[in-house]
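Chain nomenclature is as follows: A, B, C, D and E, assigned in order of appearance, with residue numbering initiated at 1 for each chain independently.
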Amino acid sequence: GCGSSDPLEEDTPAAEESGSAASDAIVVGSQAYYSNEIIAEIYAQALEGAGYEVERSFNIGQRDAYLPSLESGEIDLFPEYSGSLLQQAYDPETEARTPDDVYAALVDALPEGLTALEQSTASDQDSYTVTAAFAEENDLEEIGDLADVDTPLTLGGPAELEERPYGPDGVKDVYGVDVAFSATGDTTVEELVAGTIQVGNVFTADPRIETEDLVPLDDPEGLFLAANVVPIASTDVADEIAEVIDPVSAALTPEGLVSLNVQSTEDQRSPEDIAADWLAENDLA
Amino acid sequence: MGIEFRSASKSYPGGAKAVDDFSLHVPSRTTTVLVGSSGCGKTTLLRMVNRMVDPTEGAVLIDDEDVRTRDAVQLRRSIGYVMQNGGLLPHLRVVDNIATVPVLQGAPRRQARERARELLEVVGLDASLAERYPGQLSGGQQQRVGVARALAAEPNILLMDEPFGAVDPIVRAELQRELIRLQQELGKTILFVTHDIDEAFLLGDHVVILDHGARVVQQGSPAEILAEPADDFVRAFVGMGGGRRELTLRETDGRTVVVDGSGRVQGVLKDATG
Amino acid sequence: MTWVADNVGLILQLTAEHLRQSAPPILWGLLLALPLGWLAHRSRVLRTPIVVTTGLLYTLPSLALLPILPVVFGFSALSEANLVVALTIYAVAILVRSVVDGLDSVDDDTRRSAVALGYGPARRFLAVELPLAGPVILAGLRVAAVSTISLATVGILIGVTNLGYLFTNGFQRRIVPEILAGVVAVAVVALIVDLVLQILGRLLMPWTRATLPLQAGAPA
Amino acid sequence: MNLLLDALAWLASPERLSGSHPLPRAFAEHLALTFGSVAIAALIAIPVGWLIGHTGRGRGIAVALAGAARAVPSFGLILLLVLLVGVLHKVEAAVIAFVLLSIPSILAGAYAGFEAIDRRTVDAARATGMSEAQILWRVEARLGLPLLVGGVRAAVLQVVATATLAAWVNVGGLGFDILQGIQLRRFDQVLGGAIAVAVLALVLDAAFALLQRRAVPAGILASTSRRPRRASRTRRSTEKEALTT
Amino acid sequence: MGIEFRSASKSYPGGAKAVDDFSLHVPSRTTTVLVGSSGCGKTTLLRMVNRMVDPTEGAVLIDDEDVRTRDAVQLRRSIGYVMQNGGLLPHLRVVDNIATVPVLQGAPRRQARERARELLEVVGLDASLAERYPGQLSGGQQQRVGVARALAAEPNILLMDEPFGAVDPIVRAELQRELIRLQQELGKTILFVTHDIDEAFLLGDHVVILDHGARVVQQGSPAEILAEPADDFVRAFVGMGGGRRELTLRETDGRTVVVDGSGRVQGVLKDATG
């Protein structure tokens, strides 16, 4: 098998990309998450508008999968979420919780070759969310209120939530809430609505919080870190592209991000169209 | 009485007529042999009798009754059928193969098996073979089991479709002798198909030579046919074309040998009674 | 269905990507399976290990194989090579069997006949056994091609974008037509490739359909 | 090698018996999904396959449909069905996808089993006076069994491997550990989960191989052990001769 | 000159001796037929000549040269070999099948094909068959192509292993006549294997009757063997056991017919020259 890997590797995009990165194209990456892809597309179009040559390397999976490529310079720019990146990649034990603290900690924690550009006010952070009906019935406002619910609770979320610091163990430690866990993956909201789980790990920018009448519970103890949208760039190009990207971050508001998501899921528009319109609306085109 | 073909024809979809207007009377308790080259329609004729094939025109009658008035499955159970390879069911033991039809007809299995064992002897096989599977028998043995199975339901009619075609010449000769013996004992109405003219002449009381479309070229007793071949086709078929049946005598080493038209020695004259 | 109409370009582009990614594993699979199958066919000692090992590969779940490959082979986690290697492994698993069966299916009389004519071993393999094993190998190749194309969609789980993108993206956005388009596009691509292989087989192996029209169809 | 050892350690760890997805339960779920789907597929495919095999009709259509079914990507189909029928029926959605995945192999096994029977055998059965139902049940079904079991075996293997995808929609089974491992970059867990699936597949494969052997009628076994074996030995050594020259 | 077996033996691994101490001289330009029942070692003997089997003891010589001194592949190309079913390569057209050996020997393909077309005529086939595949020919036609292919490299020696075993009796008779004609024209050294004693007597200048282990039971011209069967085995084998070769004459319808021991009519006496 090893002998045959050489010819195979020749035509891999990774090899091409590192070659073309040298030839000045900016490689923009994104997670395999539609909302993240829209932000990445906005970066890409903004850069193109500013005359950069851009290569898109979108939908490249989970953080741990793409981070090495980002650090190695295969990818030049990536829309990230401050708290998630900090906690999952660089400092699981961090005490920072507020947007500014987290951002500061992240800037410190980032390795040599990576630079965090200005963060945006828009955030898409983890939350513990319940249906409005359930919240009303049990008088829920913050996560800690779940401890008083006398029926057994099941927490739904992606498979890895089980092992995260803010997972079932975290909520027990911080709020004294006992929950069972169910790996609901991409169907968390559906299961929440269907009642098979009572608490869901939902991203705060998910438009269905609005449309499905869900309530993210308050997190006074800081179980979750702030997760503001922050562009992570290769240090090589960071200064150069900051001129283009910083205004984008400045223009991206929390409501704006939800609205971008709504355009994707409700209006079923393509990321290109959404990005182009948004840039035009914000006079960034 | 016996089997009667009345202007029977059969066309298969998309093919020419396999059997074209065939008429023949097969008398009870005789052996009639249909002989002809490959594809001339012999099998089709045979199968008309037990309704494995229904004629597209004309009719086949058994004891003056049109077979089409009878239920095909019941009819088949009442007629013995022997195929080229014995046609045994490979997953049943010899004894159960033989007992197939009686069991299908509702006979108690035990009794049917007992009878099957008796039949093994009738066809000249050792009773010890009863518990074997067909795959454990030689070709010749399988053939005998096929005959035994055909006899199991005590049919009046036996249809035999090239039953000895697949066994080697020595075994074949033995099986032929055995069949002659059996027929002398049992006196069934046998309709026998072969493409070997020698076999036809050996076994048949009556021989029917067929050309394509089951056209009857000549019929009669073996001696009649040999003495007066109807035409060149028959002549060629019975081997006279190559001179095989035109024999002369020659003296060799003080014996009289019989030599055919191409100079091949056919045998030795036992005693030269004119 | 307006989603489909609005995104024809995307679908076509992903389809092209998909084909580009699936073709090499199919070819590599065949190229690797031929010598392996030949060895297994030829050597009694190697036969069982080869057939069992390749059969075992087939039982590895793709979901697991894909993320493990970069760790084992040291590819970049983003490299398309991961998908290509994984799919090649599955193709080999299917094809080795077919190659063995195909070579086994060559009539011994024909093989002997070739020996008697004076074919040397290598020439006999290339000019007689391989072509005669062709129909069975082709049948395996068709299965391998269809399953490779269908399996390639899992690539999206390790960051390789192809038609599988429509599944995960459509699922996140709750756009049924998007997923449906992906499913249909994959099936259509697979069936077209299957058809092409079938036609190719007919062109390359004309003798397989050359039989006597009636004589062959005579009833038993 | 290290990774493999880690994976084995992961598998052997006592923690596998606790947590939200204990390994024994995952095995049970995986098996239930597999056998449930294959059983449903068998109920559909066997009668249809037998009918095709017995009558010789409809083979073209069946082959085409089975080909199309093979071409449908299971992953996409599961996601599609979950969206369509809703999360409350996600198990059904996954089962439908796996049924579709199983049908082609079982169908092919069913009719190929009939087709592989010497036509003279069936002909003989008919000529001795068996009704069509008797032929189908007493002769064809019996003689076609080994290939049918082979078809079921192939279906089971495919479903076992593919059922890992069901974890994506939270249906359980051994896929969960793999999926969670991927997200957490815990490769010992990913490989451990993969090994668990592979072992399950191998055990089932071996069981079915045994079943397939048992399905061969005694008469066929007896004859192959007597005659053709000699023939095949003859063949092999002639080949060796040819090899050496 | 010719082919010589010198105490050749062959044991297959795990089996008894297939050929045990066999010696025979096959003279040039004659037809020698090896005849014996199944499994007696005929094929093994034949294959010793073109080194598809090497004797475990003893030797085979062609024109006084041990075949083992020759390269097997080259040797095979120089010897014509005809198999039971023709042994044609199913993926090559008839013309390319015939041209196989010349092409293997490096002849220009075009020229080899031209010669192949000529050979089609030599074996009595229409040139229009050249572009067909073997699957599109009848059994008899395939057999002729097999002969044509064996002749293509102009070999001195032809090995024929039951070449007519698979075709029906009429075609078989035709092929036999054709072979006799060809041999009269070409005068090859033919080693022919059959288990049909009639065929052996028809084709062989010299007939060798074999028992298991390729033991020579009797050899000689057909007439010699018929006149003086060496023992009961030969008697049974040539058919005298069943009385088939013990002929008597009988008058029927004013003709003299020859009848065998079991009463079966063998033919008509042409003129009763003593």
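Keep in mind that, in the parts below, a contact is a pair of C-beta atoms (placed from the backbone, for glycine too) under 8 Å apart; a residue touches a chain by one contact, two chains touch by 3 or more.
Quick caveat: nothing in here was measured; it's all calculated off a predicted structure.
Enquirer: From the C-alpha centres, identify the chain that is farthest from chain C.
Expert: Result for the farthest chain: B.
Enquirer: Could you pull out the chain whose C-alpha mean position is farthest off from that of chain E?
Expert: Farthest by centroid: A.
Enquirer: Out of C-E and C-D, which chain pair has the most contact pairs?
Expert: Between C-E and C-D, the larger count of C-beta pairs in contact belongs to C-D.
Enquirer: Centroid from C-alpha atoms only, then distance chain A to chain E, rounded to Å. What do you get?
Expert: Spacing between the chain centres: roughly 84 Å.
Enquirer: Cα centroid separation between chain B and chain D, in whole Å?
Expert: The computed centroid separation for chain B versus chain D comes out at 47 Å.
Enquirer: Just give me the whole-number Å value for how far the CA centre of chain A lies from that of chain D.
Expert: 40
Enquirer: Note the residues in chain C that touch 2 or more other chains, in rising order.
Expert: Chain C, residues with two or more chain partners: 67, 112, 115, 157, 168, 171, 174, 215, 219.
Enquirer: Specify, in ascending order, the residues of chain A that touch 2 or more different other chains.
Expert: 65, 186
Enquirer: Out of chain D, which residues touch more than one other chain, so two or more?
Expert: 82, 118, 120, 123, 167, 179, 182, 238, 242, 245
Enquirer: Under the definition above, what is the set of chain B residues touching chain D in their complex?
Expert: Interface residues on chain B, with respect to chain D: 47, 50, 52, 73-78, 81, 83-85, 87-93, 100-101, 104, 132-136, 149.
Enquirer: Which residues of chain B touch chain E once you look at their complex with the stated criterion?
Expert: My answer: residues 37-38, 168-170, 173, 177, 195-198, 201-202, 222-223, 226-228, 236-237, 239-240, 242, 244-249, 251-253, 255-258, 260-262, 264-274.
Enquirer: In the complex, go through chain D and note every residue touching chain A.
Expert: 19-21, 82, 86-88, 90, 167-170, 176, 179-180, 182-185
Enquirer: Can you check the complex and tell me which residues of chain C touch chain D?
Expert: Spelled out, the residues of chain C in touch with chain D are 42, 44, 55-56, 58-65, 67-68, 71-72, 108, 111-112, 115, 121, 124, 143, 146-147, 149-151, 153-154, 157, 164, 166-168, 170-171, 174, 176, 179-180, 182-183, 186-188, 190-191, 194, 219-220.
Enquirer: Which residues of chain C touch chain E once you look at their complex with the stated criterion?
Expert: Going through chain C, the ones touching chain E are 107, 109-110, 112-120, 123, 128, 131-132, 134, 205-207, 210-212, 215-216.
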